[in-house]
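Questions regarding the structure given below will be posed in turn.
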Amino acid sequence: MKVNVGLIGLGRLGRVYARDLAARVTGVRLAAIADTNAKLAEETARELDVPRWYPDALAMLDDPGIDAAVIVSPTDTHTDLAVAAIARGKSVFCEKPPALSLAQTQKMKDAATRAKAFLQMGFMRRFDAGYAAAKKRLDEGAIGTAIVFKSSSRDPYRPSLEYANPKSSGGMIVDMGIHDFDLARWYMGEAASVAAVGGTLAYPELNEVGDIDNAVVTLTFATGRIGVVDLSRSGVYGYDIFGEILGTTGTLRIGYLRETPLFVMTKNQVAHDTVPFFMERFRDAYTVQLQNFVDNLRNDREPPITIDDAMGSLRIALAATRAQATGKTVAINEENL
Amino acid sequence: MKVNVGLIGLGRLGRVYARDLAARVTGVRLAAIADTNAKLAEETARELDVPRWYPDALAMLDDPGIDAAVIVSPTDTHTDLAVAAIARGKSVFCEKPPALSLAQTQKMKDAATRAKAFLQMGFMRRFDAGYAAAKKRLDEGAIGTAIVFKSSSRDPYRPSLEYANPKSSGGMIVDMGIHDFDLARWYMGEAASVAAVGGTLAYPELNEVGDIDNAVVTLTFATGRIGVVDLSRSGVYGYDIFGEILGTTGTLRIGYLRETPLFVMTKNQVAHDTVPFFMERFRDAYTVQLQNFVDNLRNDREPPITIDDAMGSLRIALAATRAQATGKTVAINEENL
Amino acid sequence: MKVNVGLIGLGRLGRVYARDLAARVTGVRLAAIADTNAKLAEETARELDVPRWYPDALAMLDDPGIDAAVIVSPTDTHTDLAVAAIARGKSVFCEKPPALSLAQTQKMKDAATRAKAFLQMGFMRRFDAGYAAAKKRLDEGAIGTAIVFKSSSRDPYRPSLEYANPKSSGGMIVDMGIHDFDLARWYMGEAASVAAVGGTLAYPELNEVGDIDNAVVTLTFATGRIGVVDLSRSGVYGYDIFGEILGTTGTLRIGYLRETPLFVMTKNQVAHDTVPFFMERFRDAYTVQLQNFVDNLRNDREPPITIDDAMGSLRIALAATRAQATGKTVAINEENL
Amino acid sequence: MKVNVGLIGLGRLGRVYARDLAARVTGVRLAAIADTNAKLAEETARELDVPRWYPDALAMLDDPGIDAAVIVSPTDTHTDLAVAAIARGKSVFCEKPPALSLAQTQKMKDAATRAKAFLQMGFMRRFDAGYAAAKKRLDEGAIGTAIVFKSSSRDPYRPSLEYANPKSSGGMIVDMGIHDFDLARWYMGEAASVAAVGGTLAYPELNEVGDIDNAVVTLTFATGRIGVVDLSRSGVYGYDIFGEILGTTGTLRIGYLRETPLFVMTKNQVAHDTVPFFMERFRDAYTVQLQNFVDNLRNDREPPITIDDAMGSLRIALAATRAQATGKTVAINEENL
């Protein structure tokens, strides 16, 4: 039996998910899509042969032909939509971050717990071939015990000022760093404290909305082990995501920076291109992640990435944001966040 | 309007094509599949939601619901199936090589010419991001005039003796090299003569069926420029396809050898994996090629790879096969082949 | 006229310098060597055809046949030896770090200032082809304005407990990090504050002498720009020194990790070796640095790396050491160090 | 006891050797140099502190203070100088190629045989870290049995027409290819026949002197195994020397193409430099080779590369030259060359 999925949100990533669900993922039927932009919803439905489309996500959630909701709408709508979907008995896949506050995230968690609902959070890096292989090798003991975690994320250009506004994005450390913090928890366990430096160094206009464009966050894990995450909106050469796990007997290095397997060799120079952006870098990871979601539903398996995971990485991101703003080390605990 | 495609042949590559047509290619409907293995055809149809399946390809070609045929059956059936499809007014995509002889290929060409049929030949490397970008850069003049062509193809292990038998495969130089010769013609123009050395160096058991496992073929183009193709069935480390175009002002180097973006770094060593086989290396190229086929049909465009192209590369492959067997340089012309 | 040099200290690096001065550097004569290990001094003098050797460095400095002293003895002897050499009118090259305290370093500076002596400090990375080219490209504007500095240093194994003892080495952050902090100042300017996390994560026995084995140091520069340095004694795969300068229009990435230009490709794996240690990685940089020293003397040029540079990087290193120990951000200024 | 060496020839490579012998090689004294350009000889002697210089090489060979001669003069003088040196009881290191004909080479061999002289031939690639490590791994069985040999040599620009003239250089296949053919024999054993294609494709002016600028040579070894060497004078991006040995259980890939460990990453592009020319690529190999020569003399060891080796690779080179000119496969045997 195929899973009938309704997709909410047809932004940049939403359209990637729509195409994946329409074509590349098996065991699923993209039965409906919803977007407040009715024209976009209608056109996308026609293009992808989606039977039904809605300008109102709640109306779509009322649709009895929908078994599960995939939520890729703006972050500030995640909680309400997830709660509504759960209330209607739908299984839910919700894109990161869960919300911009722990309180909102808690609401989502409470709803899922009460309803014993299936709620899988979207952190696609865990499904990337490189990061997944690193996890496997780490668990196999290929590098002994992991003692230092490093992760770098670079966007090729800054987002719009509207998007960057911390009121909607949570600020760069939340918006970008939550992926790195999720990896940190996955590979290393819980963080105990964070510190951060950063600033608006590349795009002064970001000061208008109060966001920064470069930061370095250090982490101390509960075990005493350490980590560092550096984030940049000004990786102008291309989208660049890479990291390392240093272990007691070896190191795992993840990442790559060439999109096309071509070297152009001219006088005294060898050159290749770079990865344009996240859709290219994580195209397969997104598909594998949605396939995993669908397979989990069809096989009654627990979600591999839970609301607790999402809350854990959000907690680090919020602490790091405060650490950068105050210049102080911030302990990761529920009381102070 | 979507193109209704019937697929013939559900071997290793046929199943890749079936999944592409069922899911990843847009503007198309995989309306029917055919394979002499009825069980396989039935199961694949069920798995991929293909409406109709046939154990008899000709019966499928009689199906009025089919606009176009994609032929991925064994090489010795290509001509008859293509001719039959053309006779029934279908557009045709035919996997390389067109046939094992020029005479058989000529039959396919004659049928297409008489019927003014659409006939696109499958050489997926031209749709690989690396090889396609190289063509673009070459045409833009990035390396001046191309004067030397190099191409290497390595399989990670030998095929079965049954498959390797030159009676069905044409021998290694035809079976593997036709891709390299197609690239040679694409980048450099027509070849004038070839010479070759080779032997059964890695797998003595191939002598039983009369095939070789390693060869080097040199080409002289009609322009006087030169090329070299080396082929190996014993690229035991992985599937490795790479090449170079040397120009008067620069060189283009195509290829890569890492599947997963992970380096495992242990005492005194850095290691990464390799590309397993052609399905992994050219997964996207296959999809892009079928998308191109479908788009061409929907937009009344001419096929970018014609039966003349296929005949041209087959002619080089047959000449190189003879050159290797006789130790003599063989001129490429229609008379002597 | 050749410069007559006397070399003090025949430890691991001292012997590298001795060979460089005896053979690879031009315009110089290694006229004398001194080491408290008289046997080692004698043997080395014989091996390298050095005319005179001394068990007592001060005696060597009294030698009127010596124009300049190269000091590579243990760090705690640097100040006294440099002051003595200056007092005897010798030009001085002194290996980093200048001393383990700013007060000691100041003594060396005062002596040089009073005597208007030539005093060049040894930070070989500035003479490495990669780091030097990065500086050149940065100054040429190849990446716009540098806004983020990253530097990583990894030793392949821990030093002896005796060496590691912070009383003689200054601790890992001073001993290793001073190179990275020198680069930070060179590329980015003065640092305003540092913070650090770290611990004894790989080699618990280092706790015996009170040293750590892994740390991450963040820097805020006086301009508000930022940096991060990560240090590890447990780069067990090999000696690995690399870094990045992120600019507003591009990024410079420095470093490499393969010693021998050979890839060994076996089933599903491509592997290469790593750089064993600093003698291999910076062999040429050491030679170029000494050649620069000699050329500066012969051409009456100012030293490119001064005692102020050495004091600047030591100041950061001491502040980072305190930051790691206290968990607090430490401002870089003369008062608090 | 140090070996007193007299160096003959102060051309481009001769000056590299002079500096190596003056400074980087131990156990040797560069006692004299000779060049028909007296001014150059005098200046070089002064610069490198060489006690004696001669405009006449034979006069230098008469110098009783010389134990051994290093011959780096033009190829057509090698035989006479080597014979003269041997006649005077000197040990000899002679740069490749031994001569431009087998007959001339035979004279050198006969002289050495009669006199039981020490005669070591210069093929520096065998002392390159990459090629040497490949030999070691091959002998250790790391890739099973070697069955296919590949070698590529590219100069960044054409030589002067004067140099290129086959009358003095032997033509491109001899001048460049002899290195690749030496490697072929080293890794694979004796060649049985060669074939070649090539032409004057990049620099039409080379037609004036009758040389070509690009060629591909195929080899069949006595064992039936195969090889291919491609040569280019138009590797305009840089000096590029690389190769592969395909074995039954793996492949060794040798070579690299980056001089400076720096990546410049700007919008959509990652770029690095290339190796300028042979002095940079093989700087260490030249030194190691001369050190090996000196060590052999001091330890009464046999030369690792003999006149028979040089004759073997010259024989292949001459056969390949004829093969390219005639378009015919040429057997490697003493009768027909």
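Note that the chains are named A, B, C and D in the order they appear, and that numbering of residues resets to 1 at the start of each chain.
We adopt the following convention: a residue touches a chain if its C-beta (ideal position, glycine included) is under 8 Å from a C-beta of that chain, and two chains touch if they have at least 3 such contacts.
Given the structure is predicted, the values throughout are model-derived calculations rather than measurements.
Q: Using C-alpha centres only, name the chain that sits farthest from subunit C.
A: Most distant chain from subunit C: B.
Q: Copy of B-C's interface among A-C, A-B or A-D, judged by over half the contact pairs being the same?
A: A-D
Q: Can you give the whole-Å distance between the Cα centres of subunit B and subunit D?
A: Going by mean C-alpha positions, subunit B sits 41 Å from subunit D.
Q: Taking each residue of subunit B in turn, which ones touch at least two of the other chains?
A: Residues 236-237, 249-251, 258, 265-267 of subunit B each touch two or more of the other chains.
Q: For the complex, give me every residue of subunit C touching subunit A.
A: So the residues of subunit C touching subunit A come out as 147-148, 150, 195-199, 201-202, 214-216, 218-220, 224-228, 230, 232, 234-237, 246, 248-251, 327-329.
Q: Please name which positions on subunit C make contact with subunit B in the complex.
A: Against subunit B, subunit C makes touches at 236-238, 257-258, 265-274, 276.
Q: Provide the residue numbers of subunit D that touch subunit C in the complex, in ascending order.
A: Those residues of subunit D that touch subunit C are 23-24, 26, 128-130, 133-134, 137, 142-143, 249-256, 258-267.
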